[in-house]
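This is the structure I want to talk about, given as C-alpha cells.
Labels A, B and C are assigned to the chains in the order they are written; within every chain, residues are numbered from 1.
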Amino acid sequence: MSIVIATLRRELLIAFRSPGDMINPLMFFVIAVTLFPLGVGSDKAFLSEIASGVIWVTALLAVMLSMDSLFRSDYEDGSLEQLLLSPQPIYFIILAKVAGHWLISGLPLVILAPVLASMLALPQQSLLPLLAGLMLGTPILTLLGAIGMALTVGLSRSGLLLAVLILPLYIPVLVFGTGLVDSAQGGMGISGLLALLGAMLVLAVCLAPLAIVAALRISVN
Amino acid sequence: MLGVKDLYCERDDRVLFRNLGFETAAGDIWQIQGSNGSGKTTLLRILCGLNDEYQGEIHWNGQALHKVRADFHRQLFYLGHAPAINKTLTPRENLRWFCASRGLDKTDEIKQALNSFKLYGYDDLPCYQLSAGQQRRVSLARLKLSAAPLWIVDEPFTALDKAGVAELEAFLESHADNGGTVILTTHHSLNMKSPVKTIDLDALATQVAA
Amino acid sequence: MWKWLYKLGSPKWFYTMTGQYMPWLVGLTVILLGVGLVWGLAFTPPDYQMGENYRIAYIHVPSASIAMGCYYMMACMAAAFLIWRIKMADMVAKACAPVGMTFTAAALFTGSVWGIPTWGTWWIWDARLTSTLIMLFLFIGVMALRSAYDSAQSGAKASAVLTLVGVVNVPIIKYSVEWWNTLHQGASNLSLSNTAANPPEVWVPAFFVGFGLLGFFLIAIILRTRNEILIRERRTDWVSDILGDARGEN
C-alpha cells in the first residue's frame, strides 16, 4: 500500500507547487456562480429557488475543467508510460491519483459551496443536503471525468471533446444531487437519495479505474 | 530472457518490419539501428508492452509475454524518449515516487544515485531549474536504483555531454557484465569493449522490399 | 456454435454472406413497410382522443426502441472487440454509431412533431424525450471520439471503451431522468405503453412498420459494414478480385 501513499503524496506535492491548477477551477466556480444573479436578477425568492441547481451545475463544470491537470503533464513528460509499466497494482495507483485530484479540486468546491449558497439565498435547511450531495457527488464527477480525460489526453485539442463525452454521463449525479435539495425543501426524506448517491460512488470507485487504465493504455499507444 | 519470433508491424499502411526475430540472453547488449522513422521506438515500445499493434510472438523466459506481464514488468526497466521527470518536483521527489512505483525500498540510496550522475547539491531544486542534460541525468539515475535485469532504453545519450556519454556507456556495460541485458537505440556510435549485437531495421526493410 | 461465431468474425465470410441474403432482406423490408404504412396511415380509424395525429407513433415508437437497441448492440460489439479483438465487431460498432444517431434523431423529430398538436409545443421536458436527447449526445460523443484520433486503431479502441462506459450509465441515466420527471411534473399524457387497450387494427400495422423499420436498420448497418470491410481489406486478394470483377463488368 506504500504506492498509494506515495502517489497521493506526489499528486499533492505537484498541486501545491503549481497552485494555479488548484485555484483556477475554484475561481471559475465563484465567478460563474456570480454571473447568475447578474443575469437573472437579484430577486431573493427566485435566487433561492434556483440556488441549488446553479451551484450544482457550476460545480460540475468546474470539476470537468479541472480534469486537464490530472493526466496532461504525466502524458507529456512520459510519467504515464512509467506508471503503466509499474509492477504495482495499477488499479490502486490510479485510484490514488484520482483521490489526490479530488482532494485538491473537488473538496475545495464543497468547502466553498456554503458561502456561495448563502449569497444565492439558499434556505438554511437546504444547506446540509446540498453539502452532503456535493460530498458524495463530486468524487463521482472526478472519476467519470478521469475516464474522459484518459480517453482524450493523447489528442492535441481535447478540451471541448472532453465536455461532449463527459457531460451526458454527469446527468444522473446532477439529477440526484439537486433532487436531494428539492426533497429536503419539500419536507421529504433524503436518506434514500443519499444511499443512491453512495451506491453510485461505490460503483464508480469499483469500475471507473478499470476504464481509466484501459483508456490510458490506448492513449500512450 | 526476451525472445521475439516473426514480429510484424505496420503503421499508416507502411510495413515497419516483418519476420523480425531475435533472442536475448543474460549479458547481452543489443543495439537497434535504423534511420529516422524506421520504427526503432515502435519496436522498443512493442517489446515493453506499451504498444500492442503488432503480429507475432514475444516470449519472456519461454512464456508468452501477455501471460507473464506482471512478472515481466517487475524485471523490466524502460526509459523512453521523454524523461518521465515531473518538472515541479525535485530530483529526490521524482526518484522517491519511482522507487515506490517499482516496489523498491531504497529511499536511502537516492542521494547516492544522484551523486553518481553528478547531481551533487541539486537534490532539492525543482527540476525545471535544471538543464536538459541534468534532467536526463535525473532520469538515468533511476538505472542505479532499478533492480531489473532487462533494460530497454530509447536514445539514452540525448542531451548528455561527452563525459556523460562515456560514463553511461561504461555503466550500461557493467550492467551487462553483471548478467543483465540492455536493449537500446542510439544514433551515436557506441564505444564499448564488450560485443554489441545489432538489429538493423533499414536492412530488414530492404530485404522485405527485395 | 463457436465455428459459426468464428466464421462471423471473418470479413470475407460476412461480406459474401450478407451479399447473398441482402435481396431477401430488402424485399421483406419493402413489403413490411409498404403494408404497414399504407394500412396504418390510410385505413386504420383515427383515435377518438388524438384524432389523426397519433399516426406518427407508427414511426416514433419503433425508432426510439431501435435507437436504444442499437446502443446496446454497439456496446456488445465494443466488448467483443476489446476482449476478443474481433476486428469485424469494431466494423459493426463503427456502423452502429451514425445509424443509431439517425434513428435517435428521427425519434426526437417525430416526438416533437407529435408534441405540437398534443402538448401545444414542440418540446417539453418529458422523461422519454429527455432521455432520447441524452441518447443522442451519447452517440455523438462516441462518433466524435473516434474521429478525433488520427490512428484508426486507437480511435476504435477508445470509442469502444467510451461505449462500454456509456452502456453502464444508460440505465442509470434513464432511471434518473424518470425520477427527475416525477419530481418536477406529473407523468406525461403521452402514453403508448397500454397497447393492450388498442384494437388490433391499430397495433397490427404498428407491428408491420416496427419490423419493417428494423429491417431498414439492419440494411443500413450491413451496407455500412460492407463498405468498411472493403476499405479495410482493400489490399487483400479477395477484395481486389471483387473490385476487379466489378470493374470488368462496367
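By definition in this document, a contact is a pair of C-beta atoms (placed from the backbone, for glycine too) under 8 Å apart; a residue touches a chain by one contact, two chains touch by 3 or more.
Fair warning: this is a prediction, and the values are worked out from it, not measured in the lab.
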{"item": "Chain occupying the middle, per Cα centroid", "value": "A"}
{"item": "Most remote chain, CA-based centroid, reference being subunit A", "value": "B"}
{"item": "Euclidean distance of C-alpha centroids - subunit B vs subunit C, Å", "value": "48"}
{"item": "Inter-centroid spacing, subunit C versus subunit A (mean Cα positions, whole Å)", "value": "33"}
{"item": "Mean-CA-position distance for subunit B and subunit A (Å)", "value": "37"}
{"item": "Per-residue overlap in subunit C, given as positions that touch at least 2 other chains", "value": "153"}
{"item": "Multi-chain contact residues (two or more partners), subunit B", "value": "53"}
{"item": "Where subunit A touches two or more other chains, by residue", "value": "221"}
{"item": "Interface residues, subunit B side, partner subunit A - complex", "value": "48-53, 70, 73-74, 76, 78, 80-89, 93, 96-98, 100-103, 126"}
{"item": "In the complex with subunit C, residue positions of subunit A that touch it", "value": "144, 147, 151-152, 154-155, 158, 161, 164-165, 167-169, 171-172, 175-176, 179, 182-183, 200, 203, 207, 211, 214-215, 218-219, 221"}
{"item": "Residue ranges of subunit C in contact with subunit A within the complex", "value": "82, 134, 137-138, 140-141, 144-145, 148-149, 151, 153-154, 157-158, 161-162, 164-166, 168-169, 172-173, 175-177, 179-180, 183"}
{"item": "Subunit B partner contacts - residues on subunit A that touch it in the complex", "value": "2-3, 5-7, 9-10, 13-14, 17-18, 73-74, 76-79, 81-88, 93, 217, 220-221"}
